[in-house]
Every structure is written in C-alpha cells, then in structure tokens.
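Two complexes come next, and they have one chain in common, subunit A, joined by subunit B in the first and subunit C in the second.
Moving on to the complex of A and B:
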C-alpha cells in the first residue's frame, strides 16, 4: 500500500493547495475585513460582510439579473439550441453532421479575449459593424442591447456542451426503435417526437443541472463584453459582482472580504449541487472497485 | 441514427443558417486583420500591412513585445499540458488499478470537484498565491490552472485505464516488475491516445485562458497573449485593424490544432461524461 503514495501525492497536493484550500479560505475570508489596507493581517469580523451585503442597495437587482441571465441562456442556448443542433446534425449524412458539430465547437475553443473582440467588431456602428449594416440601424449594439449580446455570446459557446451530450445519447438509441417506428408509418418528425425526445429526457436533465451551475459562476464574457454595464449594473450578475468587489478598481477601495462573502455563497451552492448531482447521476456505479486487485 | 429523411438537404440548409453567425465572426476577423477598413464583411480599403505592425513593435511602457507574450503563452500552455497529463495519469492509474484506503474518498472528491465551478475560488486563490510568494509569476498560474483542471483529467484518464485489458500488466507483475515500473513502461504507453487527447485539450484551454493570468499576473514581462490582446482593447482609441491582426495571430494556432485533433477531442468537450 505504500507503493500508492507516489502515484497520488502530486495530484493530492495540487488539489489540496489550489482547490480545496481556496474553497475553505473563501468562507474564512468572507468573515474578515480583508482589504488592501489589512491584507497582511485581516481582522475577524464575523457575519458583518453578510450584513453589509443584505443592505447593499443593488443586491436585489443583481439577484434578478443573475436569474434572468442563467434561465434565458440555459433555455435558449445551452439546452434549446443544443437540442436543435444535435437533432439536425443527426438528420444529415455523417460527414456533414460531424462538420457542423465541429463548427459549433469553434467558439468554445477560441481564446476568450479574441471571441469577445469579434463580437465587439460585429456590433459596431455603421458603416463598420455588420449588424448595423444589415438592420440599417446604426448603433453601438452592445450598449443598445447588452442583455441580448451577453446571452447570445455566452450561448453560442454554451450550446456545444449539450450538443455533444445529446448527440451521443441519440447515437446510443437502438436502431430497432427507428425501424419499428418507420414500419408503423411514422414520419421523421413523429420519430423524433416519439422516439428521440423521450430518450433525451435524462440527458436534458443532466445538461440543465450541470450548466446551471457553470452559468451561475461564469462571468468572463460579461466582464469582457459589457463590464457589467452599461450604466449601473445593467448586466452585472452575482459572480461578476463578487469579482469586481475584489478586483475592480472602480469601487475605489477593493473589498476582498465583501467579494469573498459573495463568492462564498457560490461555493456553498456549488458544493451542495455537485454532491446532489453525484447522488442523482449514479455515484456508486462510477466508483466501482478496480478490477486488478480483485483477482 | 438511421434516419436520413429524403429532404435532408433542407435540414442542411437550416444548419447552415443557424451556424452562419459563428462563421461570419471568423470571416470578419480575417478580413479585418488583412484590410485597412472593413464595412460589415466588405473590405473598404487596400490590403494593410500596418495592421501587423505589432510584430516589430518593441515594448511600450508596461506592454512587452508580442514575442515575449508569445513565449509566455507557449511556456504556460506547454507546462500546463505536460504537468496535467503526467499528474492526472499517475492519480488515475492508482484509482483505476490499486485498492488503497481512501480510494473511494479520493474518487468522490475528484467527481465533486469536476462538477464544482472553480472560477468562484479566484479571490481566495489570489490570496494564497500572494501568501506563497507566487503572485505575478507564471509558475503560480501554471500550478493553479493544473490544479483546477486536474479533476477532469483524472476522471478521463481513469476511463482510459479502466478500458485497458490487464493481462499485459499481470504478465509483467509475474515477471517481478514493480507497480511503478509497470505504470511507466506498460500502462502509460498503452493509453497514448488518451494522453494525446488530454494534452491537446489542456494546451488549447490554457492558451485561451484569460481570467487567471489577467487576475494573477501584473508585470509585463509575464504577460500571456490573452493579456497582450486585452491591453489593446482597453485603450481609449481602439485600432480595430491591428486588434484583429493580433487576435488572428493569437487564434490561428488553436484553430489549426483543433483541426488536427478534432476527432479525439469531441469526447473531452462533453466533459468526459456520457449521460
């Protein structure tokens, strides 16, 4: 058994120092008055940050923003568009299906900053911006329609995860089911509704659960596209607010403690949801005992 | 699925339509990088070499030359990829093949962390790097990135080791090889496709990484290409032509890598999870 230590030590150390410790530390820091001034020696402040948060005039707005952003992106793109692309690519010959799935993966692959810049370029005023030229309405579209931009930009990336999961689920449907429904005279549309969609119920639940968590905490693209604006917190979501409190210079004094309090809420939600997923999505089967030691 | 409707060309047209917004973005990036001005997707000036002047521009104030940023990006992505592949494989092998106390706990932890949104830890990570003296160093960001992506890596590699038939290992064990030798000489070479896929994935994801270096690195000489590009976006006057050229310079290697490794990467972007 001593032989196992060198195998697991590097991974355990890295995860302990840079993953587990930060999770615990987030909760601890949220109960201190940590700021630039008190960085070396933060004082204990109990639940004060949480009290401050509840009294924050913008918290309600940010809460609503977060729900709005997560639900719309999830329904329209991460599940909706993902489903559409997965089904449509299954209805064309293989090489075409593969090509379009690869294309939908491109945004996920593209460097974050470059991706945001492409949106910025397409949304400029006329005569430069494509959207302004097409619609004939010359405006800075990111400022004019910040939510639509943020949701679409995130969604075009988010859709690929569900697309891959749904595609592999569709592929695992036994062919007999399709032949049977064809023999019964079902049209393609009926086969999709009666055979494919029922089989996708579980994957859809899975993608919804998984992506809710990731949308709840992702703020990179919002930071790069709108910075949380325009104006006062128009597109600021919970995780972005936490980040800006801790690192944003436009608050004057960076408030790590307050930011940590907001992040701690996400950490708790994240932990609880991750554990629940494992319960729901069959944990025992995943941790089955290894083969080689049994013999 | 064995459903190829007679009107599949119609479906193809629909696919092209919904995929168009993605394609348009990349076409615009290329055009904007090559021409003086672009109106929508129509070049409105001559070809412009001026957009590419960043290639021979030296350091300006805190901004390093692009070659420094390129080197840093290569070091960052290369180190993350190789470290992650090795560390994840070792842990995955132990979990897949050895029965040890705490195995269930470790695997459970890995699975929970796999679903856990790591980005919410950024404030505490910043604090830890400051405390360890690793703030503003490439080494610090490398270790953070590896740690945050390890759960996915271990989980994936475990899948590869699980699928390995272990007759070869049994034979080697009988010949008196140690577990350690077995791992390096027998098991690891057999999962080469997995190593390659995970390595490529890690390289792409670190190359594109923004928020970690942006938050954890300050000094110009440690900037990656992501921060280099972002620094132009933050300027009062945005030079779209040059930015597009920098963006293309930064994006192109990833697109090429993706085209080469596309097939074996699909599984990873699904999170290595089959639902």
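Moving on to the complex of A and C:
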C-alpha cells in the first residue's frame, strides 16, 4: 500500500487543488452574503441564498432552458453529428477523411470571441449579413432564431471533440470484424449498426458524460451571441444566470453569494448526471477485465 | 584590474561631485496618479484626456510653486461595457492596487461609499475654487450620509428624439413638426399621442412594424425616468428607502405591452444590442426613439460620417423632453451625472483632488462638450466657438436640465433597477402580462431588499 502513495499523490493533489478546493470554496461562498456592499466584510448567511433561489420566480424558466440547450446540443451535435462525421470520414480514403477532420477543427482553434463575431456577421440584417443576403430575407437572424443560433454555433465546435474520439475508436476496431461482416453479406449500414456502434459504446459514454458536464457549465457562446436574450431570459441557461448574478450587472450589482449558490447547485446536478450516465452505460461492465485475452 | 577599479572610483567621485555641486538643481520626483475612466461611448474619451491636460497645467503651477515633485497621469479610457469596467474597478478596489481616480456614474458613489471603497471629498472640495463653479444641484448626486464622495464630471439629458423626415411622409408639415418639442414641454403631447402617431406610421407602412418607437435595449437608468413619467416614485425622502409603486409600474408595463400589440415596438427590443439600436435609427428607419444627448455625438461621428454627420442629424432628427402621461402633465428627463471619485487606499488623495479641480474648468470641459455633446456641469459659460461641433445642439438641449431628476441615492438601487427591468423585459417579450409582471417584481423586490423597500 505504501508503495502506491507516490504514484497516487500527484494526481490526488491536482484533483484536490483544482477540483475539490474550488467546489468547497463555491459552497462556502454560497453561504455568505458577499456582494459589492459587503465585499470587505461578508457575513455568514447560511442557507439564505438557497432559499432566495427557490423563491426566484424565473428559476424554473432558466432550468428548462438549460435542459433544452444541453439535450439538443448534445443529441444533435456533440454526439449525433460527431458520430455521423466520424463514420462518414472513416468510409472515405484516409487522406480525404483526415483533411476534412482537420478543417472541421479550425473553429475550435479560433478564439471564442472571434468565432462569435463571425457568427454575428453572418446573421445580421442586409446588406451586412451573409445569411440575409443569401436567403433574400433581411432580418436579424440571431434575434429571429436565437436557440438555433447558439446551439449551432456551440455544436459545430463541440462536434469536433466527439468526431476525433469516435474516429480513433473506429480505427481501432480490428479489420477482421469488418471482413467477417462482409463475408456474411452485411451492407455498409448493417456493418455500422452491428459492428461499429456496439464497439463505440465506451467512447459514446465518455463523450456523452464529458460533454453533458461541459455544456452545463458552458455559456460563453450564449453570452457573446445573445447575452441570454433576446428579451426575457430567452436563451439564459443556469451557468450564464450564475455568471450574471455574480459578475455581470450593468450597475455593478454583483451578488457573489447568490451566484455561488447557483454554481453549487450546478455542481450537484453535474455529479448526479455523471452517476446516472455510469449506471445507464453500465460502467463497471465496460471497464471489467476481458474474459478472453488476445495476445 | 587595478585600472578598472580606479576608473570606477573616478566615475563615482565625478557623479557625486556633480550632484553636490552648488547650483545643481535636483530633478523633481514624479508622482504617478492612475485614473480609470469609461465611456463606453467613444466620444466621451475626454473624460480621460482632460485629466492629462489638467496634469500639464498642474505641473506648470507646481513648477511655479517650487514643488519638489511633478505628477504623471496614467490610466485608461474603457470602451467595452459597463459590466466589464465595473467588474475591473471592483476587483481593483478590493486588491487596493487599482487607480487613484475612478470615473463612473455618480449614483455608484453611494454603493461604493457604503462598501468603504471611496475617500470622502469634503476635506478637499472647499480648498479648490474650481469646485465652486460646479452647478450646486449636481453635488446632490454624489452625497450620501452627509458626506461628499465624488466630483461631478459631466451631465446629460435623455431626450425623446423623432425623425422629421418620417413625420413629413406621414403628412405632418414643417410648422407642426417644429412645434412638437414645445407641445411636449407644455404637456400637450402625451405618451398615448406618440403611440397613436407611431401606430399610424406603421399602418401606413411609413415605418416597418416594430420601428415606431425604440428604447434602449438593456437595463439602464432610463427605466427610472419612464417609471417616474408614468407617476411612480422610487425613493421615499423621509426614510431614504427605495419605493416600488405598483400602479405606476402597471401603467408603464401596460403601455409597453400595448406598443408591442399594435406593432409600434419590437417584441425582441430588449436584445442587448447597442449597434443594432444605433444602426437602425441612423438608417432613418425609426420614428420615435428615446436616447441620451451623447448619442447625438455618437451618431454624427460613428454612424453618419458618410452622410454628412451632424448636418444630416439636424436635417432629419429633432428632440424633445420625455412626454407626460396625461395632458397638462409635466414632461421629464433624467440625468445620470458622471463623477470622478478617489479611492480610499490612494496615498495621493489631496493631489488627486487637485488634479480633478484643474479638470473642472470651462475651457477644459469644452473639449468634453464638443466631443460628446454633453451640457455643462459648470455655471460659467462654456466658450463654444461657432465652428465647434454639437455646440448648437448642447445649447438647445440645456433647457431640459430644468426638467431633470436624478437616480435615488441608495446603495441597493441596482437591485431595484435590475428587478424593474426584468418586468419590462418580460412584458415586452410577452412572457408575462403587465399585471403578473408587477406582482413578480414586487415579490422579488421584497425578497431582495427586505426592509429597504416600500411596496405601495
């Protein structure tokens, strides 16, 4: 046991400093009345911030928005499109597949603000907006379709992560399995359905769980594209609401305690979601030792 | 080795001898004052550059006085957003490593004073004769609990603008258009009248649906002004508490909902986009629009340079007070004066106050007035030349300051404003009925402000 400690200690320290401590600090802040006025001398407020949140008439709306945003982005892009792109680019010669994936990665390498500006440029009214010019319908497309915009803008980047994971998983499938399915007369679709997808179960679990947590806490695209609007909390999600409470007031009305309470709730939601995923995908079976060892 | 040692010794002796030689004047030391300022509108840049000018004059006086130091002003003018700027200031205050001078809305001096971030100015104000020239009523905007927490930097009016060209297309003649500001001033043209005219313009396709009336796309002090225009009071003078008047809020929310329902106001007007607000207005597509006097300079210098700048504005736009809600009522506007404040941790408070005093003189303020179209904070006349931009406009809108009011000085005012705005946003977007919005806002204010708000 003593011999294990040097191996485990660095990772444990990193987790403690960068994951555990912020979570504990967030919970601590959520139990104070820390705001602009009390910045120097915050008082202990116990569960008052949580009581405030429960009485917030708009919180239900924010929660529904969050579920809507996470589920749609996840299903349509981060897992759905990622899977489709990974499979399609695996069906073409490697050279072309690699090139396509490299191009798809470009937005991920673009600074978020620059990427959001590009989208804003695309979606403006004519004569400035590309989409307005192409469709002949001059409107502010972000205002006209705010959810579609933020989900697509985020999803186009999010899909590239799953695309890489799924592609590498597909490439690691032994060719013998494809040969066998071909000999059995399987069509391409049947090979995908019966060979590829079952072998991707573990990567799909990983991407789904990771991206769910990532989407729960991600708000930068929404902040830059719609600011949570247009209008009344139209695209405001939980993490954005927490950010706005804690940092984002026009009048400098920052409410760190309340924002921290929202963030603490998000930590709980994320943990619960992770546990659910592990159960749904039967994590233990996935990481169990193989019954047959191929040497 | 010995030669090198001798050379070093010789140099040291020469330097020391030069320093001690009679008649050699010691160079004055430099004290750096840091100032953080914000627009975010670009034309307000003199809020910072005027301090640089003031520093030059102060240094000249320091030289005459034989002072052993000079000052250097460093700092920034922020053109991003209020959110980002105020966040930066807050963190600087907390770390005590930020600026000596901060410029922000005067009403924030109350919040920051309550938080212990600011130095009181009462000791310094009487020492500098320049401060005696500041319009006395403006000092109220920086007073809290009997102390003065800043120096007014500028002031503005928030007019109701209208597009004369579109009114002409609607059949109004020049004479009728020219008298509209006076009719509003006399209380003969109300919010309902404006709504009717805008609705007619939409019906006759003079303007596109939703472009009959524009108001700011995000939270701001203007909502206090409109709430007051509809009969609300936001502060109780006896207790100093904030007030939410349900009837006035309902009247305002109902008017907004009606404006959306009849196609005068866009359902997504609260989209937070200033560029879209300014672009559509300066494209000449909006009939009535509430803005600030500084917008005049923004439009001329940033949106209309190709069309002729201010000349185009005079040809196409005119301005008036915000109308009353009933005939014979009093029109209003609101001023959100900016102020220079001094950080509590600054080691150079006295010097910072003197620098601000040097910036508070007519010929330096002139630079701000002609850049950002803001009326003067000083009693002495501003020496406008005929060729100065915005001079005529500034003098035109100055009468509005007679009708102006300020935001209530309360450290928790931002919470009131955020909640009230949530109601506005919910009603315009159709998420809540006006009745329901009033109930929700009242409950939220009670929850957030507890005994600091009177719900009536």
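Here is the rule we use: the second predicted complex is superposed on the first by the 243 of 295 C-alpha atoms of A that agree within 3 Å, B and C clash if a C-alpha of one lies under 4 Å from a C-alpha of the other, contacts with A are read in each partner's own complex, and residues count from 1 in each chain.
Just so it is clear, contacts are C-beta pairs under 8 Å (C-beta built on N, C-alpha and C of every residue); 3 or more make two chains touch, one makes a residue touch a chain.
Only a predicted model underlies this, so the values are computations on that prediction, with no experimental measurement involved.
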item: First (subunit B), second (subunit C), both or neither touched by A:55; value: second
item: Contacts of A:201 with subunit B and subunit C, given as first, second, both or neither; value: neither
item: Which of subunit B and subunit C A:140 touches, first, second, both or neither; value: second
item: Partner chain in contact with A:39 - subunit B first, subunit C second, else both or neither; value: both
item: Partner chain(s) touched by A:247 [first = subunit B, second = subunit C, both, neither]; value: both
item: Contacts of A:84 with subunit B and subunit C, given as first, second, both or neither; value: first
item: First (subunit B), second (subunit C), both or neither touched by A:232; value: second
item: Which of subunit B and subunit C A:193 touches, first, second, both or neither; value: neither
item: Subunit C versus subunit B, contacts on subunit A by residue; value: B
item: Subunit B and subunit C footprints on subunit A, overlapping residues; value: 39, 247
item: Of subunit C, residues touching subunit A in the complex; value: 82-83, 86-87, 89-90, 93-94, 104-105, 108, 111-112, 114-117, 218-220, 267-272, 276, 411-415, 417-418, 422, 425-426, 428-429, 431-432, 440, 443-444, 447-448
item: Residue ranges of subunit A in contact with subunit B within the complex; value: 1, 3-4, 6-8, 10-12, 14-15, 17-19, 21-23, 25-26, 29, 34, 39, 81, 84-85, 88-93, 96, 100-122, 124, 126-130, 133-134, 152, 156, 160-161, 164-165, 168-171, 173, 175, 178-179, 182, 188, 191, 196, 202-203, 206-207, 210, 213-214, 216-220, 223-224, 239, 242-243, 246-247, 256, 259-260, 263, 266-267, 270-271, 273-275, 277-278, 281, 283, 286-287, 289-293, 295
item: Subunit A residues within the subunit C interface of the complex; value: 36-40, 52, 55-58, 61, 140, 143, 226-234, 247-254
item: Contact footprint of subunit A on subunit B as seen in their complex; value: 1-5, 8, 11-12, 14-15, 18-19, 21-26, 28-29, 32, 37-41, 44, 86-88, 90-91, 93-101, 103-104, 106-109, 111-128, 130, 143-144, 146-148, 150-151, 154, 162, 166, 169-170, 178-180, 183, 204, 207-211, 215, 225-226, 229-230, 233, 240, 243-244, 247, 250-251, 254-255, 258, 262, 265-267, 269-271, 273-275
